[in-house]
Amino acid sequence: MQEISWQDEHIRKGFAAIGQTSPFVYGLTNYIAANLSANVLLAVGAGPAIGAASDWTRTFPAGAGGVWINTAGLMSSSEESFTEVARTAQAAGTPWVLDPVAVGAGAAEYDAFVKSLLQYRPSIIRGNASELIALGGGAALGKGVETTASSSDAVGAIVEIAKATGAVVAVSGPVDYITDGTTTVAVPGGDARLTRVTGAGCSLGAFAAAALAAGNEPLLAAQVAHAAYAAAAERAGARTKGTGEFAVALVDELSLLSA
Amino acid sequence: MQEISWQDEHIRKGFAAIGQTSPFVYGLTNYIAANLSANVLLAVGAGPAIGAASDWTRTFPAGAGGVWINTAGLMSSSEESFTEVARTAQAAGTPWVLDPVAVGAGAAEYDAFVKSLLQYRPSIIRGNASELIALGGGAALGKGVETTASSSDAVGAIVEIAKATGAVVAVSGPVDYITDGTTTVAVPGGDARLTRVTGAGCSLGAFAAAALAAGNEPLLAAQVAHAAYAAAAERAGARTKGTGEFAVALVDELSLLSA
Amino acid sequence: MQEISWQDEHIRKGFAAIGQTSPFVYGLTNYIAANLSANVLLAVGAGPAIGAASDWTRTFPAGAGGVWINTAGLMSSSEESFTEVARTAQAAGTPWVLDPVAVGAGAAEYDAFVKSLLQYRPSIIRGNASELIALGGGAALGKGVETTASSSDAVGAIVEIAKATGAVVAVSGPVDYITDGTTTVAVPGGDARLTRVTGAGCSLGAFAAAALAAGNEPLLAAQVAHAAYAAAAERAGARTKGTGEFAVALVDELSLLSA
């Protein structure tokens, strides 16, 4: 399997497109991850807006260059608003990212709603191993929003999901894997503390939407986001010890990547 | 046009009043900015409460010394709760700040609701250039919550809004401008990274409410908040490189301003 | 009165159990404190999920090892969802923590709802002095979410509440006090800046739920959380000046406590 990294020319070029186009990226997400997600987007050069405020759900998905939907956002917005954002994005031709947080963790109604969004054809689906194994029909159960499986366990599942949905599918873990159902690449690196910073995975989904909004095809957009995130995490990890400073340094390093 | 700064005696005196009175400041805001807004208020010596929990909307605006309303908070609370807070603040004589996030960005129903709050007579209205040009009836469109215009482009608009509403109006940008419709002052300084920290503008609106709550008149209160913010941002900018550490240092420097 | 601290063997042992069991902890909380609360839980080795998303409220309280309910979360979720989480936790035998934020601050309907949750028998109740004096039937009024009384003023009230409810009750302040109605211990230390970091108290309630989830009895679990928090706050305080860096260092030091 091919390995990709921040050192690769095509990754840096795809990343630079975000800063060059300053795309407007709109998302529905949960309020735990919303602040970090917006700061990650601002750090990499995108202009984020978040939330189902009034008719934003009907207007922003069409005006945005990319959209992300993190279904844990159901904690403060209605299913209707999620469906409207997904449907409007599809109708407007705005590429969008689905982040099915905690799918497969035991909440059957929630899981069913998450799966109903697949009909609006996300360009990228991202999650952790437990979530993607569950989304692929497997039995692995998450523990709340945490995974109990490793990313390498999910490679078969992500290929299946990609084939079934037409989306690029990316799983986060010690090594990230990204596939369009035919080509699968590995993104090594990062830092184990990414699993101890709340919203770090959710923010990666937002980042992938920014990479799409900058004009990258889904397979490249996912690679750009994952490889840049891994590089920033490594740099952040090298200069911090605990998880508090690591989280701050992660945003910091993302904002300095383009320099 | 007169320039004001943190070096000015009347600004420092107006700021010191916050620490001396520890005012209770209540706000409705969006969940992206809520954490930073509360930390900014605590840093400058105020006691914040945020959110439309149960009958807080009917009781806290009257008990508070100042209120701020950030309309992007419609993402998790009803229009009724926003109207109730604005109406109750006006009825109780509690001065309040309106922050019309993303007005003019293309969501017509949202925009109409934002404008409906003007009937409850905010003491201060703050925003970025695109928002205030749109609120003043101009055609400039924002890109989500980001501005596509510079603050100097909005000086005419803020004077018009001040005359029409009786509020003090403040626009954030490379230079901030504040007007009561007759006197207009400029607040230079700050740091360009303020536009790359989510909620930095929203938190400035909260800060202005704290300055009101400490007993400052609206024109002074807005100046106190903007000038202190600019000074803290400059100090934070001088000791950090990326946006992650800048955001932390901004709160840090605000908490150290009084010392 | 006995004083306990992070130096005590039984405290360290109770804390180590969290890292050893990595318990799933589920909470409903307010969106101001949600991010910090999740990061505190991840720092100490627990796996958090937060929010009333779809049927999470019916399924997660049973699957979790511990639950916490911060009633300020009513700002974005319904009373029904709070009641459902409390009732489901009790029915499943999942120990849970009640954090009655701002009770007694003047919002009578809110206060009545908070008290209605006592029927589901929380294992631990935590708050600041004003909140617990009010919960115990006293007249002391908070100023929004801030206390106007000192923790030592609340010792009588927490003993009364413990006797009346069967819960362990903990009050935060310059010295924290924890009681089961019979035994009362004091936890000195910490840092005054804890009162200037939004959500610091809320996150301590989440931490107590993690200590419960790791199998500690309520009286020990509350001591573990409060003593570890005080130690981390002292270490964070020793290496920072302002409130921004202190907040980051607090999470950092919690993540390094086990090392």
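In order of appearance the chains are A, B and C, and numbering begins at 1 in each one.
Definition applied: a residue touches a chain if its C-beta (ideal position, glycine included) is under 8 Å from a C-beta of that chain, and two chains touch if they have at least 3 such contacts.
Just so we're on the same page, UniProt names per chain: A, B, C = Hydroxyethylthiazole kinase.
Predicted, not measured: the structure shown is a model, and the values here were computed from it.
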item: Interface residue overlap between copies subunit A and subunit B, same or different (over half shared); value: different
item: Cα superposition angle of subunit A on its copy subunit C, in degrees to the nearest 5; value: 120
item: Distance from the mean Cα position of subunit B to that of subunit A, given in whole angstrom; value: 32
item: Residues of subunit A whose C-beta touches two or more other chains; value: 31, 35, 76, 247-248
item: Complex contacts: residues of subunit C adjacent to subunit B; value: 30-33, 35-36, 71-76, 79, 102, 105-110, 113, 143-146, 195-199, 240-245, 247-248
item: Contact footprint of subunit A on subunit C as seen in their complex; value: 24-26, 31, 34-35, 38-39, 42-43, 47-56, 58-60, 63-64, 76-77, 247-256
